[in-house]
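Okay, so subunit A shows up in both of these, paired with subunit B first and subunit C after.
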Partner chain A sequence: MSKLLAQPASGQRVSICLLAVALVLYPLVFSDAFYRDIGVTFLLAAISASAWNIVGGYAGQVSVGHSMFFGLGAYTPLLLYALWGWPPLVGIPAGILLSIGLAVIVGLPTFRLSGHYFSMATIAVAELIRIFVGTWALVGGAIGLQGPAIARGWWDLTFRGDLPYYYIFLAVLALALAVTYALEQRRFGYYLRAIKSSERAARSLGVPVRRTKLQALALSATFTAMAGSLYGVKTGFIDPDSGFGILVSVQMVIFAALGGAGTLFGPLIGALILVPLQTAANTWFGGGGSGATFVIYGGIIVLIARFEPGGLFDLWRRLAPLLRRRGHAA
Partner chain B sequence: MLLEARNVAKAFGDFRAVAGADLAVEQGEIVGLIGPNGAGKSTFFNCLAGDTLPTTGRILFDGVDVTRASPEAHARAGIGRTFQVPTTFDDMSVLANVMVGAFLRRPHRNDAREHARRIVELTGLRADQPARALGTPSRKRLEIARVLASGPRLLLLDESLAGLTPGELQEAIALVRRIHQMGITIVIVEHIMEVIMTLTRRVLVFNQGRVIARGTPEQVVRDEAVIEAYLGRGARRQRE
Partner chain C sequence: MVLVQVVVGGLLLGAVYALFSSGLTLIWGMMNFINFAHGEFVMLGMYVALLVVVWLGGGPAAFGLAAAIALFALGVAVYALLIRHVARGPMLAQILSSFGLALLLRYTAFWIFSANFVTLPQTSLAGTIAIGGIYLPVAQVVAGLVAVTLTIALHLLLTRSALGSRLLAVAEDRTAAMLMGIRPDRMQALTWGLSAGAAGVAGALLATAYPWSPSVGETFGLLAFVTVALGGFGSVLGSLYAGLIIGLIEAVSAYWLGAIYKDIVVYGLFVALLWLRPQGLMGKA
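The block that comes next holds the complex of A and B.
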């Protein structure tokens, strides 16, 4: 009996280890710049979607304005560099702190709303920030900001080639997932899921709903800002659209929803499927490819919403026992 | 006095759902609230649970004014409640549902889980079942288990026994008895007279936002005003 119970858990552990090994080896096996770039893009997408997942998935507060944290995370180190020559190693934590502040300021009024109203409010705030940043000369206006062109030292986090970035991103992804896992196991994780299911019932059991949601948003903002800052530093350039654009927010939602919002590895799986697809679309269709990406996103939203609201992870959880049974029979 | 409501009234616009109700509950009692549909029981109940803010009046719990306290503050103070329409956490297992309640006074997962397991056993549910898979009677039972795990001193039951088969009803009555024996004071809103007659010694009857009768269940069912409220005899007599 105990063996039976242990089986799925150990099976899961094996697949997690395999995934970790594959991610560590990937850039060494595929040393071509094109494949490494896909790898870095995937990790970045997985970090931001996992970050979104904390508040959007577990707590069910579907923010479609997470680009505000991503953009703030990306802009802050580049702005501090442009103004005073501060190294990104200092700028990144500053961006994270600002994002936490923004999360509290935005969360306090918007968490009074629920469902679609909350989603729309987050879109509105992110769009306001994007437009504001686009007209503010100090932060580069519509043109944007640039980071250090040549590293003065390692603390500038400016490297040639993708390999160092790849492993930094991988470490941050591991951290984000480890933190999410730890939360999932604690009271906080149970409270988030209770809030997602019924705020009224949660409150009746003494769950401090508003505080819990704010904490989740702040934590989610922390990792989203981290993803944004890594993006900004790696690209060495940021403008209003690539930082605060709505597509940045929508991507997080779609990656998480496709894989399975509110599950530990769902967002990662979503990114694993969609990032290569996106790259392929860009390669096949060339300049017109970004349009095709939108079409694919739209199609995916429709399909998930209609057939698999739980995402692929949920689908797998239901199908796996059936497949296993069939395997045993054969 | 564990719970005391003084002249509680709640108006929605011009409609006075509760027009000045008093209630005093001693430690260890089971008090029933009955009345026809729309009599104001549920609104009054929600005022007691902190879910609805009364227009006027005061509610004291153990001598402390909780009239304006939030639902979560009510839970922390020791007032637990169930919902008329069960609101279980459907994405979670039965055990996880009960753990959410247990976490209120047991912040560590293992403590909460152990406590929740005992409560689940007591209520006769299956811990590993997903809440989504439960039918309405089990859902109501799960709600009771969940709030019980939060360690209330006063339990407010909102039609938790409605819609059960006779067999299930007997089990549910036994469960409420057991909870009462654990030292928990109970206020129960119920339509089923069998429940009220067997469980409570004191009943308040609501009609049109007012308490029209109070006493033992036996006194109340013989009360002229109560019979009139339920059967509308006065209205019939007027027509004759």
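The block that comes next holds the complex of A and C.
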């Protein structure tokens, strides 16, 4: 229990502040477009993995189809722009609302079932949507959709250069983490962890299991859709694979699981390690065509599952006291 | 007449779906574990067939057997090295282990074989036969018949043999089985071997009739989920019926609606099933 109830210790608070300062200063120190691009990619990955973490990590409902929310978030603003020229600033909330609706539609039936079913159902729904969107000409079919090429105003959220995006993404990440932290401290957070450790026990103690899972999924979908919409607006382009593809979902799971699923900063740490690694792998092996990046991803996931299911955060929590003791002895 | 041909073709392909899905349902039923890498086992079976034909010049019997043996060995190895350690651990570890394995196998295949579609060089199963006015490729007929036979054999092995009883005993109650002198690890390793072996043979059978690339594993994996969801988790006979039904639905919807819509129909069916009857047709509630 002590692990569950732990408040951030003063040492942790210092490292959180350092991390925040580092993230704010990063694009100013590394002004090269290449490094700023890595920074933006990292933030996007951290937002979506943190969003996944709410339902996948805290509540233990392992979704492998979160791309459905990401894709819906990315498609909606670009579709509203393509159809009626609506600015993305209006389209983004619309995408988030649609994603919450989708979360309820997917969650209501599947949350009656035990964990594995939920994983399978999420894959199936995401694939169904991906194929459907690929055949539907109105939403761009297999080719996809484009956003505003030149901004008509700031409300188009179409900027030159990565700097404005970087700070928008950073603000959204901070919001996602703040909301997660707030939930962690409240009854809702305890409900989630109770459901994760034993659904039956949680129900017998009066936890409204289905409602809590549904709320967690809706909240998770909200932030995932936000990440998707930011991706769509920033890239100015979306197609079925980059929006709804299974690898979009897989990345969220890996980032969160590597850092530590069900911990506040786990997904961020996972993204901090894997995004530069991915960029390096793409540079070494020449683009995504060879699939080398995903061989590494697969290997990492298998190793986490086999040796450290709690992720790096858990490993650190176990190693830190040992290291400290050794430090005192020496 | 065309419709009859479509229906028969769909049933023959469905029989192969039934064979690899019975492997997935076996592991689900025995261990309460979902193998997300099952489609990749099918894909590897296809490449084993290709390598045996190209390197050794083996015929259908040889590459079918080779795929069965190679994938059986892989299944046992995967169990011993990975699954045994996570099967009774946290759910996240269970899902991640087989999911990571799927990515590892799929993209290693990409790396080695490239993303291009390949076909098996012409085998002795080339050509078509005419049965009562409908024309079918020989390879498809052989694949369908072999798949039905093997699926029924697997069902009989589980329900009628002493080995099957031992496997079921472990699934029922691990500790009690252990007290009866059954080694659970050995039985579960065998389950994984049989499951992957079934997928491997199914892959070799599919390779005789269809072109493929490393990404087919994802398609077949999802198809196996749909089949198992329809047939009921843990029921080999259920997956036989379900495989045939899905092959039929796929063929007919491709014929009436167009090939791109057949996946929408099948996945839509899956989602509807999870909604309405999560225990499947033959499964227990």
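Just a few scattered comments:
The definition used in the following text is that the second predicted complex is superposed on the first by the 318 of 330 C-alpha atoms of A that agree within 3 Å, B and C clash if a C-alpha of one lies under 4 Å from a C-alpha of the other, contacts with A are read in each partner's own complex, and residues count from 1 in each chain.
Here is the rule we go by: contacts are C-beta pairs under 8 Å (C-beta built on N, C-alpha and C of every residue); 3 or more make two chains touch, one makes a residue touch a chain.
Predicted, not measured: the structure shown is a model, and the values here were computed from it.
Contacts of A:L205 after superposition on the shared chain: subunit B is touched, whereas subunit C is not.
Considering which of subunit B and subunit C touches more of subunit A, the answer is C. By the touch criterion defined above, A:Q185 lies against subunit B but remains apart from subunit C after alignment on the C-alpha atoms of chain A. By the touch criterion defined above, A:A261 lies against subunit C but remains apart from subunit B after alignment on the C-alpha atoms of chain A. Residue contacts after overlaying the shared chain place A:L177 against neither subunit B nor subunit C. In the superposed model, A:V62 lies in contact with subunit C only, and not with subunit B.
Within the superposed three-chain model, A:A194 lies in touch with subunit B and out of touch with subunit C [touch as defined at top].
Contacts from subunit A toward subunit B in the complex involve residues 185-187, 190-191, 193-194, 196-198, 200-209, 262.
For subunit B in complex with subunit A, the touching residues are 49, 51, 70-72, 74-76, 80-81, 83, 87-92, 96, 99-101, 103-104, 107-109, 112, 146-147, 150. Contact residues of subunit C toward subunit A in the complex are 32, 34, 36, 82, 85-86, 89-97, 99-108, 110-111, 115, 218, 222, 225-226, 229, 260-261, 263-264, 267-268, 270-271, 274-275, 278. For subunit A in complex with subunit C, the touching residues are 56, 60, 62, 64, 109-110, 112-113, 115-117, 119-121, 123-125, 127-128, 131-132, 134-135, 246, 250, 253, 257, 261, 289-295, 297-306, 309.
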